[in-house]
């Protein structure tokens, strides 16, 4: 291949519009809209398609929950620069809040979920405030410690039902509401956040990630921006936690568990960070994979981990990033 | 001695280096001049092999695709595909842009790490480095990161010398230096050539202090070599004068 | 290694079969029993073996007689991983749902073994109206209390094993006897930081104080603690006679070794998950001698409690090549027989009818008479195998688990370590 | 006195366990989340060699440490080399490998509480009225030897210095002729060796269980973070802080607050010194 | 009238005095140059005044108000902004979006866009206006390219543009000429003159003396964290201490 190289060329519309969408024909509209429609339509149809396999309808719920936590991680890590390993904290706090609201205070389910997301968001933001000045790994580790700390505190003080947890939460009226509620939440969060990161405030957050020093020099309080971002992320996380608690009518220590912190991150790495959709795509791959492997018993974790490693090694950039590139660009050999 | 023939480097579709040919004779000082992003650093990376490392990392991340054509020949051996540490073993040592000293190690330790390839002559080299940069002697136990920019630059050059190189690549050695330190660095380059017979290739955007000391120089613009010649011929060139001396 | 690879291949083959053959229904109706168990843990694998043994025996006898038709049993085991750290309970619950929705099981026997998972699973069971008999793990009194509080909702859950309250009472009887015989007075309690252990410890403390024992201190160790020397030194200092332990972590082996190395003058006694296994002797290099362990239900170690006990133990040994290893074996085995009994009496697989039949059960089993409390579906305990389900407490003597409690069925007497002789 | 002695023992065993993790991180800047798995694996291999193949103790100890070094090297060679420099991927990959090893061992038969290694020096001794078994003292001794070894290694040998260079600026070190991949493999081998050795010394105190893998990992991370990432001296001091904090809570408060205190200690240390006790990033970064 | 007064500013790093009782005043609307060898504390001085570093002792007054120890963003909101020696653009954002950040701040929102742009004017348009002013060709694609692919020359100007977007009263320029070619610097000089006319105070740390002296009204020289000379550039350059410490033998 002496003196030949592969060239990447943007597909026509991308070149002409360059990010500003000047659309002229139906074909071009489809070019831009089709992937989005596929995602939305796919998600909305899933529960209907899976009517035949009722168990898999339950898996969708879990899938969406993981996807939402993954989105919250992706948002914080790749758009604000806070690598938060404490996804379990959000889930746990959200779950416990809704358990307290619903089980102790008897607030009905459709109020307790948003309310606990809100309260949980505020609570987590307050917790994170002191560590916002930490950098990189150190922030990551403190956030990793938080869920562990809460587990131990609840365990040691024997509050909030101790290790047994709080049971007897209200469940959803029926399976369809259960399915569609979480799917709608997921889609709203997905497109809402994609919108947000391109709005002005989103740009400021991305600027914080790139370089907080010059953001400070521009007269913007970095801590304030970071805490808004943390609030958004923890609100999202708590929402999924509250949903999960109601889904299983139970809130307990294991809501804080490591799986909720690690698996979504794995989903983001597999799907490709920095695109938000990648988080969803990653979950769409990993959660069903884990379900297919359930049959293998304990050995399942081994296979699962090895497949995960394979994904990382073979497509280390992330599947979504790879696909986006393939969608927008084609390659050809050219002479030098 | 060191030859670069028809080098071309693409960052994705952008041509960073366009058909550059460069020769450095043993024991000479070669200057590479050009404005920002003319391709000086890329050229230095290509000679030292760092470009291969960058290429690997970019490919991993799914970022830009870097393509390199042409040849780098050293001592009549083709080293185009050798990794940076392999080239360093052959004697091509780069002293990178922005110095990149080891900030958490002391000055002495920095120098010792530099001596990785040539432990036998460590004492002799150390003596030489401290001789041309006497300022480092006072700070031997200071942490590298706490040195001033000028001291860091001296340390970076000194560290590269500890490896007993036969070709020393200096990328923007004058960047951000005050006139005082500029002079020290330029003098040291002269000294290195004179006493150690080391080939020095200097890439610098701020050409004024360097052009007088070089044996041969290249001017690079937009990735292509537009002018070459001896120190004198460059100094007398009107274009060079207006572009680099502001006359 | 070859065997493992072959196993793996078998697994893959089987999985393909199941994925491909999902729609091929067996011509004959079978009764499917789902067993959600943490199969990588003692409580899981032993329960699995117990259930499979019982199912095999019943099928060999022609199956279950449902309204005049003999139906065979089938077991679907699923790994819940619920005893592993870092695994959320929702994972275990999803496994239960998988059994119900995809494997279409008729009844559930076994776990989940972790208390909170089992408690959370009760809501799912009531939603899908599936009868479940808990046979392993779950020792918390919250379980039957929850049924009692809301019978209509949670009536689908049964528990065929003991709980903390019963075990504590058994311990008290045993210790009163020790007090009489050896003139012991002071107790030091060490428990693990989990709900059932802490409840057990606190309950014991209360009961012991009432009975006139002097409880020196109660120390709560976090799960995974690996050094107990500070506590043991305190035991020595306080001059305690009995070291009461309630732990389900493997690290308790360290505790026993340190106890033996430091020659602590207190008799260790209690509920130790790790010490139930026959292998524990080797694991502690014999340092566990004199330890007294509660196996929760009779029959988890060979003993002559009822005529069925040794029969069970021998059948188990014949099939698996070793003695029943610990808690959960005999109860899981019995649960299948109890279910069979109930179905045959109900004459149908309908959940409500089976619940009724289970409430009325009166079956002489491996560890005494099996009867359920009608209000909270807890198996009725007793010290006499002819009255109810009995506990088995053993003492490690010369590498053997010697059944020493209830006294009526005891096969040996309690020994004190030589360094405790006054 | 009791507090002092047991605090010392506890701290040194902690740092033994954490040192391997810190070492690998400080050299390759890869947080090796498979560290705990290597620890358990070494113990189990030694058990298999001794009980199934009936090798004598020292041969199986050496073989199992070699094996763990080999696995460590392979983890780098086969996987990490492809994703080097992408931090999150590194964490996920090493964690996944660790998980695969740990759960693989569990699946392969390492379950229950029946696996033990023999103690190297049996018996116990009374020091100042406190009874301590020899094995624990031996652990302290080995810990000190390893510290000393590393002090000399990092400070005075060519490879040690090269490792230090790679840690601070990979590309700059490369330009000086240091092969970064080779050095990373060396660091993985050393880290795994320490994990293995500490497993062989600490496991005999109890029994080999897979859960130890997770605990070891959590403590290694905690210790190296408090100490300031990459500073192995910091890691040693941090393990003393956590070690004594644990013993003090046990004596003066209640055992079940141990974890709470340890975690709080981590969080508070970081809030006060945002880059750990010995992390120098902050000060250097300040010089904008 | 002095817009900025610095009194006895002292800062040390781990026993090493980076700044030792430095005092000076800057008048409104002037261009004030700071020169000195590497490590003489110039950047540290900027960091201390703009709040990026906590000072050990000493005071900074801005329009008579004590601003010592305020967080950087508050100081920026008062109208004191800075560039960074090592450029710090937002690499992942397109060049013009880089300016959204200062434009989003309270100060820029209150004062409106750049030079009479509507009060709530579209930030994107304002951003492109500013970039054009500073030498980004509007019709080319340059302002829309991600900052990560821009060459150094543009990045340096972007650095300055980010300051301008905040509509500041005082700008600290940290070696803004270093790394630029002679012609590039020539392109920037008129802009600086223009700012000066508009009454913006500029404080420039530079090594490129030739260019600095074209614009600077007054110059201060630092060495080892201490002020060794201040005044008209000729006086400073002739100062024997400055000659010895800074210039070596290079002709100016």
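The chains carry the letters A, B, C, D and E, assigned in the order they are written, with residues numbered from 1 in each.
In this section, contacts are C-beta pairs under 8 Å (C-beta built on N, C-alpha and C of every residue); 3 or more make two chains touch, one makes a residue touch a chain.
Here the structure is a predicted model, which is why all the values come from computation and not from measurement.
**Q** Once the contact rule is applied, which chains count as partners of both subunit A and subunit B?
**A** A chain counts here if it touches both subunit A and subunit B, which gives D, E.
**Q** Comparing C-D against B-E, which pair counts more contacting C-beta pairs?
**A** Contact tally favours C-D.
**Q** I'd like to verify one number: the distance from the centre of subunit D to the centre of subunit E, where each centre is the average of its C-alpha atoms, in whole angstrom.
**A** Roughly 48 Å separates the two chain centres.
**Q** From the mean C-alpha coordinate of subunit C to that of subunit E, what's the distance rounded to whole Å?
**A** A distance of 74 Å separates the two centres.
**Q** What is the distance in Å between the mean C-alpha positions of subunit A and subunit D?
**A** Whole-Å distance between the two chain centres: 32.
**Q** What's the distance between the Cα centroids of subunit A and subunit C, rounded to whole Å?
**A** So the centre of subunit A lies 39 Å away from the centre of subunit C.
**Q** Which parts of subunit E, given as residue numbers and ranges, touch two or more other chains?
**A** Only 13-14, 52, 84-85 qualify.
**Q** What residues in subunit C touch two or more of the other chains?
**A** Counting only residues that touch two or more other chains, subunit C contributes 40, 85-86, 193, 222.
**Q** Can you list every residue of subunit A that touches 2 or more other chains, as numbers and ranges?
**A** 152, 155-156, 213, 297-299, 301, 316
**Q** Flag every residue of subunit A that touches subunit C in the complex, lowest number first.
**A** Residues 53-55, 58-59, 62, 152, 155-156, 158, 162-165, 167-168, 171, 244, 247-250, 252-255, 257-260, 294-301.
**Q** Would you pull the subunit A residues touching subunit B in the complex into a rising list?
**A** For this pair, the touching residues of subunit A are 3, 5-9, 316-318, 321-322, 325, 336.
**Q** Which of the residues in subunit B come into contact with subunit D in the complex?
**A** Per the stated touch rule, the residues are 48, 50, 53, 57, 60-61, 83-85, 88-89, 93-96, 100-105, 109, 112-114, 116-117, 119, 143, 145-146, 159-160, 163.
**Q** Inside the complex, what are the residues of subunit C that reach subunit A?
**A** Contacts found on subunit C: 8, 11, 14-15, 18, 39-40, 78-79, 81, 85-91, 93-95, 97-98, 101-102, 115-117, 119-120, 122-124, 127, 140, 142, 146, 150, 193-195, 198, 222.
**Q** Taking the complex as given, what residues does subunit D use to touch subunit C?
**A** Interface residues on subunit D, with respect to subunit C: 2, 6, 9-10, 106-108, 111-116, 118, 123-124, 130-133, 202, 205-207, 209, 211-212, 214-215, 247, 250-251, 254-256, 258-259.
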